[in-house]
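By written order: A, B, C and D. Residues from 1 in each chain.
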Amino acid sequence: MELWYTQPQTDNIRFSIKVKEELFSGKSPYQQINIFDSDEMGRFLIIDGIVMLTSKDEFIYHDMIVHVPMATNPDVKKVLVIGGGDGGTVRELTRYAGIEKIDMVEIDRMVVEACQKYLPLTASKLNDKRVQLHFENGMEFVRRSKEKYDLIIVDSTDPIGPGEGLFTMEFYKCCFNLLSEDGILVNQCESPFYEKNAKEMRKAVKKIKSLFPISKVYQYNMPTYPSGHWLFGFASKKYDPIKDFKPEKWEALGLETKYYNTDVHIGSFMLPTYVRKMVENPE
Amino acid sequence: MELWYTQPQTDNIRFSIKVKEELFSGKSPYQQINIFDSDEMGRFLIIDGIVMLTSKDEFIYHDMIVHVPMATNPDVKKVLVIGGGDGGTVRELTRYAGIEKIDMVEIDRMVVEACQKYLPLTASKLNDKRVQLHFENGMEFVRRSKEKYDLIIVDSTDPIGPGEGLFTMEFYKCCFNLLSEDGILVNQCESPFYEKNAKEMRKAVKKIKSLFPISKVYQYNMPTYPSGHWLFGFASKKYDPIKDFKPEKWEALGLETKYYNTDVHIGSFMLPTYVRKMVENPE
Amino acid sequence: MELWYTQPQTDNIRFSIKVKEELFSGKSPYQQINIFDSDEMGRFLIIDGIVMLTSKDEFIYHDMIVHVPMATNPDVKKVLVIGGGDGGTVRELTRYAGIEKIDMVEIDRMVVEACQKYLPLTASKLNDKRVQLHFENGMEFVRRSKEKYDLIIVDSTDPIGPGEGLFTMEFYKCCFNLLSEDGILVNQCESPFYEKNAKEMRKAVKKIKSLFPISKVYQYNMPTYPSGHWLFGFASKKYDPIKDFKPEKWEALGLETKYYNTDVHIGSFMLPTYVRKMVENPE
Amino acid sequence: MELWYTQPQTDNIRFSIKVKEELFSGKSPYQQINIFDSDEMGRFLIIDGIVMLTSKDEFIYHDMIVHVPMATNPDVKKVLVIGGGDGGTVRELTRYAGIEKIDMVEIDRMVVEACQKYLPLTASKLNDKRVQLHFENGMEFVRRSKEKYDLIIVDSTDPIGPGEGLFTMEFYKCCFNLLSEDGILVNQCESPFYEKNAKEMRKAVKKIKSLFPISKVYQYNMPTYPSGHWLFGFASKKYDPIKDFKPEKWEALGLETKYYNTDVHIGSFMLPTYVRKMVENPE
């Protein structure tokens, strides 16, 4: 039976996954949520028509969003996750015994509940006792919060719909204020390849560079995202992800990872020339 | 007008590019060749239904297939290119003044002529006077040749159809024999992500490892190839691409490149854990 | 969200319906069954990857499979339906007060139950007290049965999978034997347009012509079936659907129909020349 | 090689034909014109992204647009064809020895020239000496012309782009005025099935009914048009296509046709109930 999910990655590029079965379809107050099963990618989550994660390649995204900052500063104790309703980021964070508290702010309860039911491997650690779920707008949470965090991870959708506020100057400023003196901000930062993604990436980079003394971009290969070449932003008040990187310390934790390793850590900051130029002159 | 070229990247994944116009369609004795124009990717070349290159991302492939070995040993003088009928590999090679001779062995004259006509930016340097074109089977050429080369680049299609012989043990042995004492072999080495590609990758890696004292794999992000995560093999009798890498020497050449740089060189060998495991235990 | 059901109507033709939601997916011992919801066609039923019915155009199929024979002989009292698990044929039959008994033989209980749940408008009359459901192989039922029927309707899938037996000579012979002296056989008879369908149509027509004194083919326009030009076979021991047609008698019943009317009845037997030739010389 | 032409028949329905080769692509001042070759449909003509004709089913369209009016009045001598740049309508008209003059008014010379080159079987009779080609706007031609015609055939595209004027009240009025006392108007009249087509059909029918004493709609099955159920309008000052139909006279001409015959003529006016209602109450 030919049932295909198609993401128009641009107006002129389509990426399609053959679907075995639809497991969930729901319209929350914020977005359209679908979960499908497939032979090639296993189960996968679609929000507003866009691939959020597939069971086959989510390990790449979650390895890179968590282990790069954690290996830069393995002493992180308090973490704020904005977005990340699928639970994958939290799952990786909970592997660090040194982390004492994880606040996760996800606007859409339906995403969390659907992932807990249909993507248990990804969402499995949301009930870790260090995790506190806040079902509210990320922008409002950071505006209001008085906490201090060692690490803030912005695990957002693209800057359309509910994710839009998470790409604004005000949001980044609030994050800056919530970070401790040696705090790190990691944010989902789009892609350099297709024009629309690159434009959003440059805008985000420009804003963050204007706020943080240290601001970099690192890359990873994400097969189900447009072009497969995807980026995270790394910003910090104190730590440089390369100069301050102490691989032995992370190695000593003995975590097994399928994508991340301490070499990949370094290589991920070695950007192709055209990407480096975008990041250096984001306008 | 909706005209779409679709590559079934696996049985369950389709990648589609909206076509503006078909520029060329021909059936040679070896394969089906099509060249299309598109808004997103510019002109692109399809062989036996598979994307060979697009004008938008071919710079990545050709930067990485040429500049990694050339920066490892900038003294290369004689080069053999097997395949590469589109001319992109030769184009990058001709930028090195030190290269004295390039033998290019392409089985299919129709590919070369179509690319010269419709992809002139890629094929432009095939008439460089150091280049000699040999329209014959790559396997037979390496079996017969008595030359010695400093660099052999296997710029082949996937191991089906005319490209199949270029993935055999005999072929790699012949390449080994044709290489000078400090010779380097670079080969198109598929991808670790989708099972079919990964299987071919492992088979090629295993064969090359059994022959060469130094054998590595390096990665690049190729948006129009399946998964976007693609590999080249690097094998040598003498040079390690990292230990023997002297970035200053390459920098001194003053070549401008859009993807490759001396950081990318190093980062490209920093493989994700699951890829590293495949390469270390290719069976 | 782009989710598309696609039917490859031939190797070279694809027909796709945008899906809102999957309502049912099940694998019975006989076939793969899916029910989807869509904006354009409403809910629709797919069996083994092929469109069986859509809420938007099923009225055409069911009008034509039932009212043509019933208007030819409005005195029909006992009906046998082979297949027709969606219930649409039975729904139309139950509108005739004169019908006393309907035996429906459907091999696949899962089809019936899924349609009762998700396609209630089609399946609504399966619980009419004149209807008796037999969940068994149609071939075996007709082989064994000793009943006499005034009308047999073969409401089958294409002649692959469980529908295959319903296109054999033995099956038609058994139907002949089960029909009363003035009995009528109507059968789903594929399409004249695409080669594969036309071949099956000719084979079925040839077999039926060899058995029945009166054998015709009539057409209807079914938008979601390949080519939209679709046929039913009409065979009888006694009644000619045109010569014995008494439109007034049917009009007197006062049935409202959206596709069928007594003009359409006549027009449906007026076949295009190329179809007429196929039917006259089915080999 | 997977190259597919896709027509979005509605926002939610796609019809796709696998393409072997693109034969022609051109942008005239009026529209985008493409001609493809395919295994299933042979060569086919696309205008502004919409299927105009395929070699496999154009016989149906051209049989029905020409032979229905010509069999109603085989004494037609002067014919005006508006549109029809592919030449198929003229080809069928030239088979009538009694026709003395055919004026064909096609706005787009590029369509005619491309069809003459790549669709010679369809366009073959445009050089018949009774045919005069006028490359101009159909609306302006009928506004200006002082001729009298026995038959006007509006062989237009859908009412968007250059075809739009050919669906206006003013255009139909001018046609009325150009027709002789027993003149017949036949016009491409869209389809009853999908909402957008049905709306255009009703609007056209309503206008023509208000002008002509006799106005009907007849149907044919066109596999490559949306839904396959397609209509022509028949309007006349004198002749009813059924009451005045003398099949023997047309039969006597001895024309061989693959779709049309004198039964199909009659059956084509026997409309399904829902279509009949639309035509009777076009608003």
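In this section, a contact is a pair of C-beta atoms (placed from the backbone, for glycine too) under 8 Å apart; a residue touches a chain by one contact, two chains touch by 3 or more.
A quick map from chain label to UniProt name: A, B, C, D = Polyamine aminopropyltransferase.
Remember, predicted model here, so these are calculated numbers, not experimental data.
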Target subunit D, source subunit A, minimum contact steps: 2
Rounded Å distance between subunit A and subunit C, as computed from the means of their C-alpha atoms: 53
Subunit C and subunit D: spacing of chain centres that average the CA atoms, whole Å: 33
Averaged-CA centre spacing for the pair subunit C and subunit B, given as whole angstrom: 57
In subunit B, residues with contacts to at least two other chains: 4
Category of the chain touch graph - line, ring, star, complete, other: ring
Contact footprint of subunit D on subunit B as seen in their complex: 1-8, 19-22, 25, 32, 34, 46, 48-49
Subunit D partner contacts - residues on subunit C that touch it in the complex: 4, 10-18, 38-41, 57, 60, 193-194, 219, 221-223, 226-229, 257-261, 263-264, 266-274, 276
